[in-house]
Amino acid sequence: MPAETLRRLWPLAALLIALVAIALVASLAPIVIQRRVVEALIYLIAVVALYIFAGNSGVLSFGNVSFMAVGAYVSALLTLKPAAKAVFLPGLPAFLKAAEWPTVPAALAGGIVAALFGLFVGVPLMRLSGIAASIATFAVLSITYVVLGNWTSVTGGQNSLFGLPLYADLSTVLPWALVAVAAAFAYQETRSGLMLRASREDEVAAEASGIDVHRQRLYAFVLSAFFSGIAGVLYGHFLGVLRVESFYLDMTFLVVAMLVVGGMRSLLGAVTGALVISLITELLRQLESGVPVGGITVAAPPGLGDAVLALAMLLIILVRPQGIAAGRELGWPFGARAQGRPVSSDRISGGEAK
Amino acid sequence: MINLAQHVVDTISVGGLYALTALGIGLIFGVMRLINFAHGELITAVGYALLLFHGWPLPLAMLGALLIAVVLALVMERVAFRPLRGADPETLLIASFAVSFFLQKLLALTVGARAKGIDFLPSLGEPIAVVGIRLQVLQLATILVVAGLLAGLSWFLGRTRAGLEMRAAAENFRMARLLGVRADRVIAVAFALSGVLAAAVAFLFVAQSGTLTPRMSLQLVVIAFVGTAIGGLGSLVGAAVGGFLVGAASVILQAVLPFELREFREAFAFGLVILVLLVRPQGLFPARGLKERV
Amino acid sequence: MATAEPLLAVSDLHVRYGAVAALRGVSLRVDPGEFVAVVGPNGAGKSSLLLTIAGAVKPQAGTIEFRGAPIAGAALEAIVRRGIALVPEGRHIFGTLTVEENLRLGITVRADRRQAAADIEDSLATFPILGQRRRQPAGRLSGGEQQQLAIARALLSRPTLLMLDEPSLGLAPAIIDQVYGILAEVNARGVAILLVEQNAARALDAARRTYVLNAGLVRLDGTKDTLLGNAAFDAAYFGVEMAGAARP
């Protein structure tokens, strides 16, 4: 029934329309603003990627940024000019040194390698209980950081890697953002996604119903890793320069903060959080570079932005732990059910009542 | 032979430091099911406090720094974690992550992100020979401090009223409260103790590294977290052993790995951790009664 | 009897967990020194009732008065100090602590340390099994022994009202006899008892008065004589959805 399908797809359609609208408006703005929007969209992909796993399984992963790093470096290695590689990365294996792939296959490669890495890491990790798994993902982040940071022949180690093709603009990043959001929506509507969400509420009951929780978590984890890799790819081709240092705690915090503030339990939350936090960080960045008030320039001390962001995340957790979206997707605004449709019941504070 | 003994001393002293760090984290997790990411910031705060109190007589400076750690821990509990009591572990984890990040950034904002040198107990860097083994006084001090604190903590938990209440609360918090154990007090004591442990770790760490940065405790704390996971969440013995093992693994790998791979030793250590978790997902010394609640 | 001030007076208590209503307007009373039972099927709300009185759960509406003072919504630690002790379902002794340490936790609220320490020795003497195993981890005790420990521990706070949730759960009949014998003695010493049981027969037998709780409401109350063999009792106990019960 077309009306019913429309209603079901509305949460997704609304998000996609909103993103396209934002991009359209931005395309009319000066290039500086456009670049900010592109950056926001890249983070949006990263947050949606994290959501695919953390939101559906209830297990927070601190390791997604390492998938971003993997994706970024793979795509970089495949797209950098061989001449540059010969100079900066003399230790590369021959086929990589010679490789000069077009952007889209290189991006896909980045995502796929990240996904494979996610598979490799996920197989042991998904057997752990929630908190232990989260801590273990932290270990993955650290391992990746150490390995990439010291693997000088392949990544340049502590040195920055220059010369990535700067192709990440609105016209290239927007489609990826739309794909990521659509994939996240599609996944959570599949049987697999539903099974994972069931385990989020009550792992024991889910296992008893025959759901292989570990396997479902693994699927989500790998899909999440793929899109994290894509986000990393785009990040690299947005900046043109890669440093291992940037794929560590600061970025992890930012991505996690975006998801938490927006609301970990719904796709709307992921998207909202990414956009809202991007906006806030942009405003804070403006403050730090100085705002003319009257005749004087008022500038905030550097680092204030980060501190404020951390404070904001803490406040959200204390005051509204379910985030802005509170686990809801966008509701169909016309007709009987005009209010937000909760995807599943919220239970942030476990508390006494069990 | 002497070389081996030196390696053993290295291993024990580094492992001990990580064990102490892990204990601070495990103590809080035991009573609150909270993984306190901000434990690292307690250590960092002590380091900077030593800088602040530079020029004071040493015992006074150390006492002052210790008090700062305890007060910060108590404030952290009161402001950020008490409102979240009873929340599920994931929420608590995120909250402690936010607190940790906030404190790091606040510190960077106020004292600057650049490294600062600090001259703390430089005499500990002197070499000393014990039973023919050459080691630093610092290493000996580390081993003694770790042993002393472990013994002290054991005594506290096993032989005092407050310790008894804490053990009961760690096993089954609601039942303890039903018997009249005051939740606020038990948790506050746990945080205060974690502050003391953080201070001890800070003293030893700062004496060795001589530098302060807002992120200096990061490595300590990441290893300690992973150590508690491998040791068994909820078990103090597990936390200490797990922290020790991962720290020790890092040192052993440093000695054992071929030169080109040495920088990757942390990666290897964590890789081993993941292997252990594969085999024993619940950790080496899982706490009994972890699921118990009224 | 009804004219004397009740020890415990619960009035129109409403408790819900999220969307689920556990208690939908429960009223009951326990007089000083009285032995009262609450029976009902699984899910009737019996545990919620005791947990709410003890302060572990906060009610949405209704009042609870103990010795004339309102305690609904007060903190657990404070309610224990007023003289109410709860032995929860499953006993919940501290398995990693020794028997003696478990008892020492029982005296947490006592101000008179010396007498309290003496009371611990008394307990160990009164329950010889506990005395024998005083230094063993409590987790090694059998079900019946653990129940003894839980009761002894609860009594050490010198409560005026002792509440027990399903004390016979998982115990062999002979052990259940033992437990109920202990409860009778305790009651004889003047401690009021509020007992929650699925095993209606035992509870009816031991208690002075019994309430039948079903689906969050008190359906019936009476004494052993008025309830046993009464058709209304069966209907109250086994009937789940009764007229008017479906209303939230």
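The chains carry the letters A, B and C, assigned in the order they are written, with residues numbered from 1 in each.
Note that in this section a residue touches a chain if its C-beta (ideal position, glycine included) is under 8 Å from a C-beta of that chain, and two chains touch if they have at least 3 such contacts.
Just so you know, these numbers come straight off a predicted model, no measurement behind them.
> Could you find the chain whose CA centre sits the greatest distance from that of chain A?
C
> Closest chain to the protein's overall Cα mean, using per-chain Cα means, please.
The chain sitting closest to the overall C-alpha centre is B.
> Give the chain pair, either A-B or B-C, that is connected by more C-beta contacts.
Of B-C and A-B, it is A-B that has more C-beta pairs in contact.
> List the centre-to-centre spacing of chain A and chain C in whole Å, with centres computed as mean CA coordinates.
Whole-Å distance between the two chain centres: 51.
> Compute the distance, rounded to whole Å, between the mean C-alpha positions of chain B and chain C.
That gives a centre separation of 42 Å.
> From the C-alpha centre of chain A to that of chain B, how far is it in Å?
Whole-Å distance between the two chain centres: 31.
> Quick one: which residues in chain B touch 2 or more of the other chains?
In chain B, 174 touch at least two other chains.
> So which stretches of chain A touch two or more other chains?
Answer for chain A, listing residues that touch two or more other chains: 347, 352, 354.
> What are the residues of chain C that contact at least two other chains?
Where chain C meets two or more other chains at a single residue, that happens at 56.
> In the complex of these two chains, what residues of chain A are touching chain B?
58-60, 121, 124-125, 127-132, 134-136, 138-140, 142-143, 146-147, 150, 249, 253, 256-257, 260, 301, 303-304, 306-307, 309-311, 313-314, 317-318, 321, 347-352, 354
> State the interface residues of chain C toward chain B in the complex, per the touch definition above.
Residue positions touching the partner: 51, 54, 56, 76-77, 80-81, 85-86, 88, 90, 92, 94-97, 101, 104-106, 108-109, 139, 153, 157.
> Quick check: in the complex, which residue numbers of chain B touch chain A?
Going through chain B, the ones touching chain A are 33, 35, 80, 83-84, 86-91, 93-95, 97-99, 101-102, 104-106, 108-109, 113, 174, 215, 218, 222, 225-226, 228-229, 233, 263-264, 266-267, 270-271, 273-275, 277-278, 281-283, 293.
> Which residues, counting only chain B, touch chain C once they are in their complex?
Where chain B meets chain C, its residues are 161, 164-165, 167-168, 171-172, 174-183, 288-289, 292, 294.
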